[in-house]
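As written, the chains take the letters A, B, C, D and E, and residue 1 is the first residue of each chain.
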């Protein structure tokens, strides 16, 4: 994970999986008594009017997650999904708790590769629990951003949910930009005169597109539910903001579909160019073979042992013949040049 | 932007991003007091019955756009979308304000390329704000057109919205016509006897088709909403006119899909033709190799050093042999011609 | 237009764009006073109970169309669509007037090509206006047919609309049959031993399929509206007849989709067969090269200048060698024949 | 029709197109007075409670069909469809008469080909008329089967309709099994070392798949209507039986789609294998060319006429050289064997 | 069935098709009087409050199944489907009995192949009948698992249904993982320098993907019915658990679709790599041909019989020439190396 070196350090700074645990009232952080990151204290403090607690976890194990489940009364199936990663993006409701899973993606420059992680979010009436898997897509910056915008954070748990979705989809856009750059490079390479194995590059990109699609496509339905206000309990003024996120997700999906289509075309062009190159090679080779055939055939003639071959006895027969051969070869060379075989 | 040279000049004639700011009452332009392009004065004048203000902006920055937002009370998310381009076409409602984004496209002859821009439109009860990005698709002519048709402009803001959509979709049709011409050229080239790298041309066109699709496809839903009268606040007599625009957008989309399919077929034909050409080359080369093999093999025979080779001692053995070789080569030549290998 | 030579003559027999203008009462033609083809007289006569006027136009210009519009009170947008061809098939309602556009298609035998035209139809309470573009698909026969079936024509304007749709879709079926024949020919050619450039033929057919699709696909929705009785004002007994037309359109569409799929398969087979042919050529060429290599190599050996080569001094060395070479070549020839390389 | 030789004979045994005409009451055949196959007598007898007539026709002409239409009061459009074959499968209602068209398919072993026919069925309150086109898919066995199951036939006309549908879809399953076998054979052939033109076989199968699809796909909607009880007049206990038929139709369709996809993959594999074979050929040929080049080049050297070439004067120069050439050729041969070029 | 050797033994341990027949009350197994596996006794015992019987059958024949049908009053069509395997996955309701069919899949390591079986389940108010076909996917472990979780089994028949679905879909995930591994291997092989026939491997995998799809796709609708609580009689707390299964099925389906797409890309890459290899071969061969042409042509020149060829008489002409030939060949060799032809 060299692309985001400071993140892992920051995450585990207190040696625990709880990255941060804070209570907000009217959008401002409330100082808590007792141990830092004590969930029970925080939840107690969040019982006040217009207050909620936001706990951020990073790759908790089953035991740690069970503790969280017990504190907040979360459903065992959702807990299972949050601990074991490799879920598909989805939005589920367990009684009054909303459970959402998002795939995170980030681009690792050194390897020209896309890596993926996962964020699971529980949204209750007065709490948000975010569970992150994978190195990238840290939420620390998202939290700091939100803490700077008190009026937004004042809207409660859904403001956090929106910020996380927004942050994740923004990362998608960055990744899509990088893939766009990669496709542009492939394109240049395919149409350059250089012979290269673009086919592997194209395949790798196609594979990443498939990864991308599996992250974005299932996300569209949940986002459109938020955008159309079909989620019970969500404040209606949040709708426009989720619509914005849904719109970005749609755009980034369309972009990737479009890139995928271009890659297919690029591969076809690549195959055509291999065949063209073969044609060119065969023509070039044949031209040289033809040129080389001249001295061989002519020399063969004058290597015959007939008694009566007057040319053999001419004083300047030999240099003349060499000159003829040379002339014929040069003529052929230029004829081939002209007809573009050479 | 050599394709529309006068446009950029006209746009910035007053050195500001506000291209024009006018108030219309019953379809006629109302002369305004004070500074030209003073939004507040204009908005004041538009408060009268059957009047509205139309402000045209070109690539405003955030600060300029904020001023507009404040004057007309526009939503911050829409403002964000209007300033930063690269949105996908969409139709959104923020309370009583309708916000629409359109992709503009125009064909640059010199480069045989399609360029894209964007128009964002805010439609309020008594104002229209159009925000244009990119060089092409100037709205100056659209405005002049509308000012000449007082009875149309008298229908208010939706008449402007319709004219802009109509203008944008008309441009699509021009672009589609140009792409049709390009595809026809590619087709001619693929089936000509000339060897050319049509593959790159096909790829570039496919790329432009993809661009096109990303402009047209998301536009169809908003246009059909207008056409079916599902937009609150739109006068019902506008429906037929939007249906016309929607219809053109659908047609142009079908045309581009159809061209895209043809390009794929053309590429297949191109690959087949490369293989055919290779077959032809190989046959042609082989024929010449066969012809050249005759003197070599025959001369080899008479270059042997056997003591008893009676032909070697014939008076006219040598010229006779040359004649035999020539005859064999000529015969082969015509045989190959007949079987179409040469 | 050699495929339908009498049609154009018949159309313009009176030197006007109005091909025919007749009033029908209870399905029978009513003789009109005054000038032939005088619209106003006809419309007046059609005001009677159970009467309607049917005017057939051929490629009218804007002015002529404006006159019609004024007489019958037609909407300007529909008029625009009816004058300028190149619309997509559609069904629209302007108040009490139904406006329908159909693509016509006919097969020109001489060129093995499909040509397209357009018919626009206005159906009012007591009139039908048909506007035809392009040479083929004349409606004269359709009118005569209907005039012979008084009981059908007695159902009024919708009987005319149905007849026109029926006639147009019947033409589609003829075209589809011709395309089927063309695909069968391509198929034969691809799998024959003849080398031919089937690729261009396939491409041209694919292009015609695309044309076909653009005519039929948008027509299916309007026809199914008629078939399901979703068109206000249409007599319910017409439903079954439109269902029949809709059914034919669906079948012809399925047939063309199926042909299009077969063409793609045929193209793949074509590419495979080019490669197979190349394999065969290469094997054949190589076999001959191998056969030709025998005398060259052997003669080379006996062309060497070693002092001690006993074979050179044999009495029958030379004819023996020729016999050996011949035997080797013949053996190789039969070996290659056996392994199917020759 | 060698695949079902007895059928046509059985059908026309009485020299008429009416194959059988029987009245059933409570599921048992009622003996009729008068001429056999007299429709009017039969219909009269079917007026009783819990009785119905089932008439089976084979390829009637227009006149014969008109007689049937008159007797049972059938709609002219349905009659037209029943006489002229080449309809697509469909379900239509004309007042109280249900009209259904099914494509029949059967596999002709001798030709490895699928043939198609058609069955049209009219279901009225107390009658069923089945009209069959094509040689295969005789309904005689279906009728005998039903007559043996009195309790089923006692359910009336819909029992007949179900039996016919069931019989037709069962035939589809047989055909699909045969196609599965054909695809397995193609698969074996593509991946065998034998060179064969699998491409034509694949194409023919694809064509049959297309035929299949055109029979099955339009049938799914009517069958699901029956299965969901959306057909007025059908007894509700028949629903489960039609659901069974619909299910089989869906399965057979999925199977064919799956086979079609496999055929495409097989074709790709075929093209890859042709290219692989070409590579192998080229390598093999080149290896032999290289081996043959050794004696030619070496012999060329010792054919030179330099005054001072000591090897030429060695006593055993010639046999030594032959040995060297042989050794070089054998070495090359084994090197090529090792690197798999030979 | 070497992959699951103990299963078949366990199944038929009592020499009958009834693998197990148990009654559960409040989730605990109730000891039964009489013969083991006597259905009637079991059903009698299951009439109590909160009790149900679960009978597990393995490949019963018609007679055995008829007995079960009679005991539990099952519909004949469902019985038919349960005896004859090769059904497609489906969910049907016969009065108060729910009938479900699932395809089972398991991976046989030795053959790198996917095998399929079937499970049919009848769910009545107080009984569950599971009928299994094929060797894999034994339900013995599922039963033991459930018996260990009394509180789950206490929910009655739907708990069993859920466990079976869960178990089957879990197997799908295992299979999908194995296919993922296979695709990764193919990928490595395609992009390695080794020449291999990946094409057959790709085809086989595509065939397995098709098999997979036919198992998973039809299952998605029934599962989503359970997940959305659209199944009458299912306890509502089961919904979340079925949603979990549905979610896994969807994910596994998306994974397989994605793998299938990658396989297509891999095949394209494979074809490109064959062509690249051919290009490389041709270049390599041509380079060697060119190198071999040097001694042949030069030796030909000095094999000529001209009277006046001064070089022939030089003392060191011959070794000099050999040196020149060698130098030319070496130079060519390095030139070709440099331009990557060798």
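Heads up, the rule we're going with is that a residue touches a chain if its C-beta (ideal position, glycine included) is under 8 Å from a C-beta of that chain, and two chains touch if they have at least 3 such contacts.
Note that the structure is a prediction, hence the values are computed from the model and not measured.
A.B. asks: Going by the touch criterion stated earlier, list every chain that contacts subunit C and also contacts subunit E.
C.D. replies: Chains touching both subunit C and subunit E: D.
A.B. asks: Going by the stated contact rule, which chains contact subunit B and subunit C alike?
C.D. replies: none
A.B. asks: Note whether the interface between subunit C and subunit D is symmetric in residue numbering, meaning over half of all numbers used appear on both sides, and answer same or different.
C.D. replies: different
A.B. asks: Report, in degrees rounded to the nearest 5, the angle of the rotation taking subunit A onto subunit B when the C-alpha atoms are fitted.
C.D. replies: Resulting rotation angle: about 70 degrees.
A.B. asks: Rounded to the nearest whole Å, what is the centre-to-centre distance of subunit D and subunit E, using the mean of the C-alpha atoms as each centre?
C.D. replies: Here subunit D and subunit E have centroids separated by 27 Å.
A.B. asks: Averaging only over C-alpha atoms, locate the centres of subunit A and subunit C and give their separation in whole Å.
C.D. replies: 44
A.B. asks: Can you tell me which residues of subunit D touch two or more of the remaining chains?
C.D. replies: In subunit D, 271, 275, 278, 282, 289, 296, 300, 303-305, 309 touch at least two other chains.
A.B. asks: Draw the chains as points, connect those that touch, then say whether the picture is a line, ring, star, complete or other.
C.D. replies: Graph shape here is a ring: one loop, exactly two partners per chain.
A.B. asks: Starting from subunit A and heading to subunit B first, what is the chain order around the ring?
C.D. replies: A, B, C, D, E
A.B. asks: Within the complex, which stretch of subunit B touches subunit C?
C.D. replies: Contacts found on subunit B: 187, 190-191, 240-241, 243-244, 247, 250-251, 254-255, 258, 261-262, 265-266, 268-269, 271-273, 275-276, 278-279, 282-283, 286, 289-290, 293, 296-297, 300-301, 303-309.
A.B. asks: Sort out for me which residues of subunit A touch subunit E in the complex.
C.D. replies: So the residues of subunit A in touch with subunit E come to 75, 77, 81, 87-88, 90, 92, 94, 195, 197, 199-200, 202-203, 206-207, 210, 213-214, 218, 267, 270-271, 274-275, 277-278, 281-282, 285, 288-289, 292, 295-296, 299-300, 302-305, 309, 311-318, 321-322.
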